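Same chain, two partners: subunit A is paired with subunit B first, then with subunit C.
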Partner chain A sequence: MAADDASFDAENGSQRLDKDTKESLVRVVRHGVLLGWSFVVLFPLYWLASMSLKPPGVANQLPPEWVFLPTVYNYIQLVQDGEFLAAFANSLIMVGASVILVLIIGVPAAYVLSRYDLPMERDILVWILSSRMLPPIAVVLPFFVIFRALNLFDTRIGMVFMYVSINISLVVWVMKAFFDGIPETLEEAARVDGATQFQGFTKVVLPAAKPGIFSVAIISFIFAWIELLFGLVLTSFESVPVTLFVYSFIGSRSIEWGMLAAASMAMILPVVVFLIVVNKYLAAGLSFGVVIKE
Partner chain B sequence: MSTPEQTQKKTEPTREASNGRLSQLWNDYLPYWFVAPMVVVMVLITFFPGAYDLYLSVIAEPTVNIFEAEFVGLSNYRTAFSRGGVIHSFGITITVVASALLLESLLGFFLAALVSGVDSSRMKSFYRVLFIVPMAVAPVSLATIGRIMLNNEIGVIPYLIEAATPFSAPVFLSEIPLLTVILLDTWNWTPFMFIIFYAGLSSVPKTLIEASKVDGAPLWRRYIHIIIPYMKPVVFVAVLIRMIDLFRTFGVVYGLTQGGPGTATQLVSINIYEQMFINNAPGVAAAIAIIYLVFVVAIANIVIAKVGFEGVWD
Partner chain C sequence: MARITLDDVTKRFGDEGESIIAVDDVSLEMKDGEFMVFVGPSGSGKSTLMRIVAGLETQSEGDVLIDDTVVNQLGPRARDIAMVFQNYALYPNMTVEENMSFGLKMSTEMPEDEIEETVTSTAEMMGISDLLDNKPGELSGGQQQRVALGRAIVRDPNVFLMDEPLSNLDAKLRTEMRTEINRLQHDLGVTTLYVTHDQTEAMTMGDRLVVLNYGELQQVGTPLECFYRPANRFVAGFIGSPSMNFFGRKVEDDTLQCDGFEYELTEPMRESVGDHKRVELGIRPEDVELHDSPVDGNDFEVVVDVVEPMGSIAYVYCRAAGQESDETFVVEADGKRAISEDQSFYAHIPPMDAHLFDVVTGETIHQRELDGDLGVTADEREQSADVSPNS
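== the complex of A and B ==
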């Protein structure tokens, strides 16, 4: 902080330094701090990656082997371990299905909230947001009891529903904001051309809202993908998500550090790609639509 | 939930008469069809769990026939306070939420301000993309990273501390578990604040910034009096959403310490989990869940009411 305050003062135009010196000083300090944080961001990820690529025995040596011959041994072990693949596939299927479902439920609702003057609209919006406020553990207790009664315990369908519950508020809020930004004249023009209201929605509004739908889908995917608690409470064998696999791996007695690192890497990498793909719309999505463009 | 199928049929208007009637029903009440599935899901995930937690919290034990359960009044709540460690776990949770929220907000804003001042647009997008990466790490994977890097036998961080400084490394997970949890969460979620603040800063009009420079006010005053007030809705919503999500924290702590050592990192969510699944006390678990639920919803609503919707969502 102190270093940066200095840079701020300098930027502000103290007259002791001439302009060029001042500007280059600001630049050096700025990039120094930013590169420092880049290191903080990257070092743990580098460490995890290198651990996953070290042969067993070398993985947890201290002092660490900074230079080593990378091997995919841990990844092969992981793939051969049927449990990991099953959990990974489970997560892909359950999270993917939940994203499709939450879009089908949330996007039309957001459209109505955007286009119609509903009574108590603000209360409805806060109610929707409140589903995000409820602590998941408080939500999951009843579902633990009910799912057992309905034979939904340890099923993919049950987990899909729980994942929908995490993201419904996000989808409605963000999509409402996106629809608010699409001029109504677009649909009115389509109506004049003889389209039904529904066609106006599917053929005109939805295509215009594509970037919003795309980014909200990916953000929903991430929030469901990283969720541990629901898997911990509501699954035991059949529908174990990958987060629970990693968790039970930590708990096992003799930890194979290399394999654990490989499993974590396999969980993280797809999400990194996703984040980079949607980075332009990330702020809009994460702020529940309050920030709509960069 | 039958929306998609109905949709397919109804968009072709020339069919039999009954179909025409249905299609009219579909078109006339379109807004209702559009919100109905959402309302059903919302009722299922808000009113139902709330009501059921409340019910569980006043009975001795769940029974197959819900009307046969033995009503015990507030005794589960009494147990929660006397033996359930409610006050302790609320203290832990509030500590974690408040410190992580503060750290993440300050750091996120600081980084956003620095990055938005970078003049090369290529470096700018490099930082912007790089700084969101920690968000890709699931809390449970972060717990893995923590266990690998902070472990006093195999961890690189204690090793580096001891190799590079004269100090001996702390045993992170048993001596300073709470601080460790807070710092790990800060690493994980500062990107969230960063990316929203960055977008907010980019939306501040250039002319406003130029005008403020002419006044000759020092930079920090420009931030406090002009820039932050301008992006108040953004700051408000970022802090609100992050606060709500911090109250949901579970995975990183459970993966790292399982609430321990002892109960040193026992968040309310972990406390409830253990009451339910380790102590087999669903009534006590539900009682704590109700207290927690009311607490979080109340805080969030106070924040919303204090700042108000005006200018944020309207």
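== the complex of A and C ==
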């Protein structure tokens, strides 16, 4: 009997051992895969960052110098060069304004499209989407002509309109789907509670739609922030966006790698800051304290 | 508290010409403090009718009156009502406390501290005090339901409207909340309009039921009136669980021709039938008797198809021996009685418990025999019970 027990224990023990080994093996593989993937994702960023910290003449060496004395020379050069700061500020203002404007126009439009039975609603939606159907390169010259005619060429306001037109379809479509997911009974409850229809929208629906609004805001921001083509054609001096300024480091004879890398690093900054600020709402997800009618 | 009157209310949806009639010329009056239940299958117009009372929907024709004021043109805001929605419709971005105080902030001039006090005391009454700082998303279904009720109660409105508030709860919680809503309504004495498709809920909760089908009013009456004195075949079949059994189609020589058997009409039945040729007999499952041998000439042989034991009772699904169709009817039998499938019995339909309906119009032409006053509401029953020991 005792012998039986012992063998039973041993068997049990070896089973446990097997299980432990398996688990740790899985853990090793999982970490290995994650490490590998992180390397793939982060290496270009590392490359860019390290290039921005190399002194001139070292940045473009191939094979690269893996060990070097980091310097902020490129960054100082950037800051001292007023043009970069001007372009950076230009972009911040134009992109920021465009995001606010596109939300002011797009969110209420999406709400109306979601809540009211409009005639030709489907067509309106497709029409809005159609603004993005042509490749930008195909429309950039007509835009150039129109902008010249309307005195919008090389103006910040012109670029704001441009960015709004780029993002409006995204905002309307995503927010319409979002509002569709918010039960209408919420507004009805608000109206029964004594709110006007407008108060129902501002006090109940909009706060409930916050995660959606912040999502489209950050995506619109990124799309406008990284836009190059329209900036290249529709600006010349006054309203040059930062992308265009970065692009200017790629000259016809040589490329200023260090400066290019430093400016690119600087460009990442606002997106990261914006993401950190709104991250809470993005992560909040879509938990509506309501049960969807079955 | 308030009276509500609906006067020839009709609601059509859609364009002229191809519109759908959701509510068809409904008139009724709800007394002050009454608990009235709108009951009917889906698409019967009961929710639409409630939404018309709420002011969320405007009727195509007719008037809605609260007390003596015609409120047709008034929005929900001006009607001083509170509503509990099927999906609770709690504001997801607000805490429970904010949810409950929202209505008071929007519809009254009450100062902040008074609002807080009112909310706190209502929350205590509803047993949700410890949830006040939570968001709706963090609550269970039952808790959300309590908050939704609390949000309505805190407003101290003229009228409560409840749109299938229990349908998202599990069976046990539903029964508990049913009792609780009953008690609350009784304590608060606020006129309450309750919509449900569940006839059990309707029977157990309402002072009076409004039975609707296809937008038309079928019957208004106490639960017992609707059960024992159905106005038509629809009400007879809808109220009561399991449903009433229906037999026969036509009357020949004072005999009802049924699938598999014949039923000779009694003298009072014949008087009721008169000229009606196409007649259906209705009998509730608990009134049908199963015997081993025939009791009278109307009894017919049946074969048991399925037995559903419920404990104290069993539902026995039977088919008449000579029947052509596969249809069964249900008999409520004593749960202790041993009945098995394919067993044969003689079914006895006591004439005094049977209803007769006109097949064409659905109208009830003969009611079962009964003693007692069915017009008494639950409240009145309770009051008379309170008085009787002393008298």
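The definition used in the following text is that the second predicted complex is superposed on the first by the 226 of 294 C-alpha atoms of A that agree within 3 Å, B and C clash if a C-alpha of one lies under 4 Å from a C-alpha of the other, contacts with A are read in each partner's own complex, and residues count from 1 in each chain.
The working rule: a residue touches a chain if its C-beta (ideal position, glycine included) is under 8 Å from a C-beta of that chain, and two chains touch if they have at least 3 such contacts.
Computed from a prediction, not measured in an experiment: that's the story for all the values here.
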Touched partner set for A:P183, first subunit B, second subunit C, both or neither: second
First (subunit B), second (subunit C), both or neither touched by A:G82: neither
Touching partner for A:V41 - first (subunit B), second (subunit C), both, neither: first
Contacts of A:Y247 with subunit B and subunit C, given as first, second, both or neither: first
Which superposed partner A:Q199 touches (first subunit B, second subunit C, both, neither): both
Which of subunit B and subunit C A:K210 touches, first, second, both or neither: second
Touching partner for A:G57 - first (subunit B), second (subunit C), both, neither: neither
Subunit B versus subunit C as contact partner of A:W127, first or second or both or neither: first
Subunit B versus subunit C as contact partner of A:R191, first or second or both or neither: second
Shared subunit A contacts, counted only where both subunit B and subunit C touch the same residue: 196, 199, 287-288, 290-291, 293
Residues of subunit C defined as touching subunit A within the complex: 54-56, 75-77, 81-83, 85-94, 102-103, 106-108, 135-137, 139, 141, 144, 151, 155, 161, 168
Sites on subunit B touched by subunit A in the complex: 1, 3-4, 7, 10-11, 13, 26-27, 30-31, 33-35, 37-39, 41-42, 44-46, 48-50, 52-53, 56, 62, 110-111, 114-115, 117-119, 123, 127-141, 143-145, 147-149, 153-154, 156, 159, 163, 187, 192, 195-196, 198-200, 202-203, 216, 218-220, 233-234, 237-238, 241, 244-245, 247-248, 250-251, 254-255, 268-269, 272-273, 276-277, 282, 285-286, 289-290, 292-293, 296-297, 300-301, 304, 309, 312-313
Residue numbers on subunit A that touch subunit C, as the complex places them: 183, 185-186, 188-196, 199, 203-204, 207-208, 210, 287-293
Interfacial residue positions of subunit A with respect to subunit B in the complex: 1, 4-5, 8-9, 11-13, 27, 30-31, 33-34, 37-38, 40-42, 44-45, 47-48, 51, 60-64, 104-106, 108-109, 111-113, 116, 122, 125-139, 141-146, 164-165, 168, 172, 196-199, 202, 222, 225-229, 232-233, 243, 246-247, 250, 257, 260-261, 263-264, 267-268, 271-272, 274-276, 279, 282-284, 286-288, 290-291, 293-294
